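Chain nomenclature is as follows: A, B, C, D, E and F, assigned in order of appearance, with residue numbering initiated at 1 for each chain independently.
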Amino acid sequence: MAKTVYITRRETFAAAHRLFKMELSDEENFKLFGKCSNPNWHGHNYTLEVVVAGDVDNDTGFVMDLQELKEIVKTNIIEEVDHKNLNLETKFMKGMIPTSENIVLGIWDELKDKISKGKLYSVKLYETENNYFEYKGEL
Amino acid sequence: MAKTVYITRRETFAAAHRLFKMELSDEENFKLFGKCSNPNWHGHNYTLEVVVAGDVDNDTGFVMDLQELKEIVKTNIIEEVDHKNLNLETKFMKGMIPTSENIVLGIWDELKDKISKGKLYSVKLYETENNYFEYKGEL
Amino acid sequence: MAKTVYITRRETFAAAHRLFKMELSDEENFKLFGKCSNPNWHGHNYTLEVVVAGDVDNDTGFVMDLQELKEIVKTNIIEEVDHKNLNLETKFMKGMIPTSENIVLGIWDELKDKISKGKLYSVKLYETENNYFEYKGEL
Amino acid sequence: MAKTVYITRRETFAAAHRLFKMELSDEENFKLFGKCSNPNWHGHNYTLEVVVAGDVDNDTGFVMDLQELKEIVKTNIIEEVDHKNLNLETKFMKGMIPTSENIVLGIWDELKDKISKGKLYSVKLYETENNYFEYKGEL
Amino acid sequence: MAKTVYITRRETFAAAHRLFKMELSDEENFKLFGKCSNPNWHGHNYTLEVVVAGDVDNDTGFVMDLQELKEIVKTNIIEEVDHKNLNLETKFMKGMIPTSENIVLGIWDELKDKISKGKLYSVKLYETENNYFEYKGEL
Amino acid sequence: MAKTVYITRRETFAAAHRLFKMELSDEENFKLFGKCSNPNWHGHNYTLEVVVAGDVDNDTGFVMDLQELKEIVKTNIIEEVDHKNLNLETKFMKGMIPTSENIVLGIWDELKDKISKGKLYSVKLYETENNYFEYKGEL
């Protein structure tokens, strides 16, 4: 029987985005996405929580070294999104509307094969203090 | 295989309540419920989190429009509880002791058939910064 | 020249209140105080911050022992307000409309002569996460 | 002797901005402003605190009705900044580099003559959880 | 069908610890545990969340009285860890490296047979604002 | 007339400490400092806020570059306290009882001549979520 512990690393980043579909007019985009479709962009301080599940290593008492998890998140995600435009500059969001739902899916795909010990359990994103989004992989 | 994303809307409300049973004396209620049974009422700033689980709509990148979820929560819940007395004024709490356990059950029943896309996954209520309560439906 | 350090003790309490004037009708009170005049009461989790200013005692490195400040705030304030009705049960609010402005004035008067070292500098009250109130004594 | 109470209204908004000077190259702007000069914009969830100082009205127990202050801040500030581009769309920031220092100066000027009771005491802005800015008027 | 509600009690404690293995040199420990292996100790304000799952008692509207849960957590855990050295003084951590992974396992074992109603569902520990750990029992 | 803006940089660190006087017995120290005098140490996650006051530079819109302030705080303070024992390892606390009062005085002295633009206005330290300390220089 496994003693699975869930470890979470929290990071923050600031980014600009716009919700819109190229084939629609500004007016139609406004109907679909409201003020989030502003053609001049807007932005957020996002808070990201990455959860890894795994057994505790008897040798270290760690699931995995959180410093290592921090580095994996920084290199693969934060450098791609912090102080960036999610529509124009973030490679893993290419061709996707940068809703927070799509961002957690994108981050999951970026990270899922890069966790060195245990495995990726959840990606949670706070877009504002009132709206959060979570993905736990395919069920 | 479905890519289920969990989206959360957070709202706050302020309400008065009293924990007591009409058939008991004040003294007996105090023994059962402590200071929460004060006959002159007391109150809280409650924080409510409503979680909806669903697939991401390819057209919008949304599980459901959080503005719409916000409206559903406002109309069905917040208007019934904000700046109200939960014992005397909240219809969906009628006949129930307004413990936070019963409030999350009541909110669940109010909301479960009103989610337009995806389905209700969790109702979480923070009564104070130290006490929280969650219901995820029947197992 | 004095090296004044400001030390803060934070406490929380939950209370019921109603904003109203006895000489007005419910309708007139509603015009003046909005939903805060609900005759069936409502309530809040209040957060209180009490700030004492004073020199650092060379012997202890303290302005005053925060455990002692905690006790002073508990005995004189928290016991009078926690799980109480501020209109009906709090002695130091007798005859005052329990707005947060009046509560910080009332708490100031209760505490100002009871600080054993240094002196009371500020009383701050958070009524909700969006509304706060502070009093620093007569200028 | 006046009993001045300080009342605070907290609001949040999400906006895009870029720190740069038109007369400089992208490279020179990067030297001066770092990643905040990204030509594709970035953004933040800003938290704004507006503090009004005044005497407590004996009739209402209010310095001023916080609902009224909320409306003043919404109409004059939030509508100009929320889901906007601070460089391109916010009238009161026209011609100014939208650093948080300049934003608090701009908000102060917008609000200082619009407070109906008491007077504007402080404008505080949280750009991230680690960086805040405050202006209290000319000394 | 059961209506399981999850209730959470949050507590905080402050403790010192050091991550190291006695059989290794300081240098080797530093390679394995980084600055957390400082032989002179360091410490944290830990936040602990204990979640109990159970049916709602029709008589009281409680899963279990949170005051009782608070007492169970205080007596069995907080008194063993607050203002203590987790390596030297906490009985239930004896012989374990006091990583947060091992602490949640230790707290789980201490509490799992002491919950009077419902059963222990989760132990969550925040070591810093960026690093959290959770254990939900054997799967 | 100067337009002084106050800019704040927030940092966190984790440290161990013990409040005690060498000339006293453990028992006497316990009487004076309570559980904070534990000879086996305890620790905290401290939150530090450093406030600099200054005019806004017309050229940059900054009081001073917050990245620069962050570096000054990191180099002079955080490296001396993070994951350290404040009694044994922090040079600027040598010979002082590491109460938070003394820590803010010590940090003030370290920083006051190192602010490159504007001047140091306040050093604020949160020892726990309930106890904070602030120093603003000699009056």
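In this text, a contact is a pair of C-beta atoms (placed from the backbone, for glycine too) under 8 Å apart; a residue touches a chain by one contact, two chains touch by 3 or more.
If you're wondering where the values come from, they're calculated on a predicted model, not measured in any experiment.
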Any chain that touches subunit F and subunit A: D, E
Chains in simultaneous contact with subunit C and subunit E: B, F
Far-end chain from subunit C, centres as C-alpha averages: A
Per Cα centroids, the chain farthest from subunit D: E
Chain pair, C-F or A-D, that carries the greater number of C-beta contacts: A-D
CA centroid of subunit B to CA centroid of subunit E, Å: 28
Touching two or more other chains - residue numbers and ranges from subunit D: 129
Full enumeration of touching chain pairs: A-B, A-D, A-E, B-C, B-E, C-D, C-F, D-F, E-F
Subunit D contact footprint on subunit A (complex, rising order): 12, 14-17, 35-36, 38, 40-45, 82-85, 88-89, 128-129
Of subunit B, residues touching subunit E in the complex: 19, 32-34, 96-102, 104-105, 129-136, 138-139
Subunit C contact footprint on subunit D (complex, rising order): 1-11, 56, 60-63, 66-67
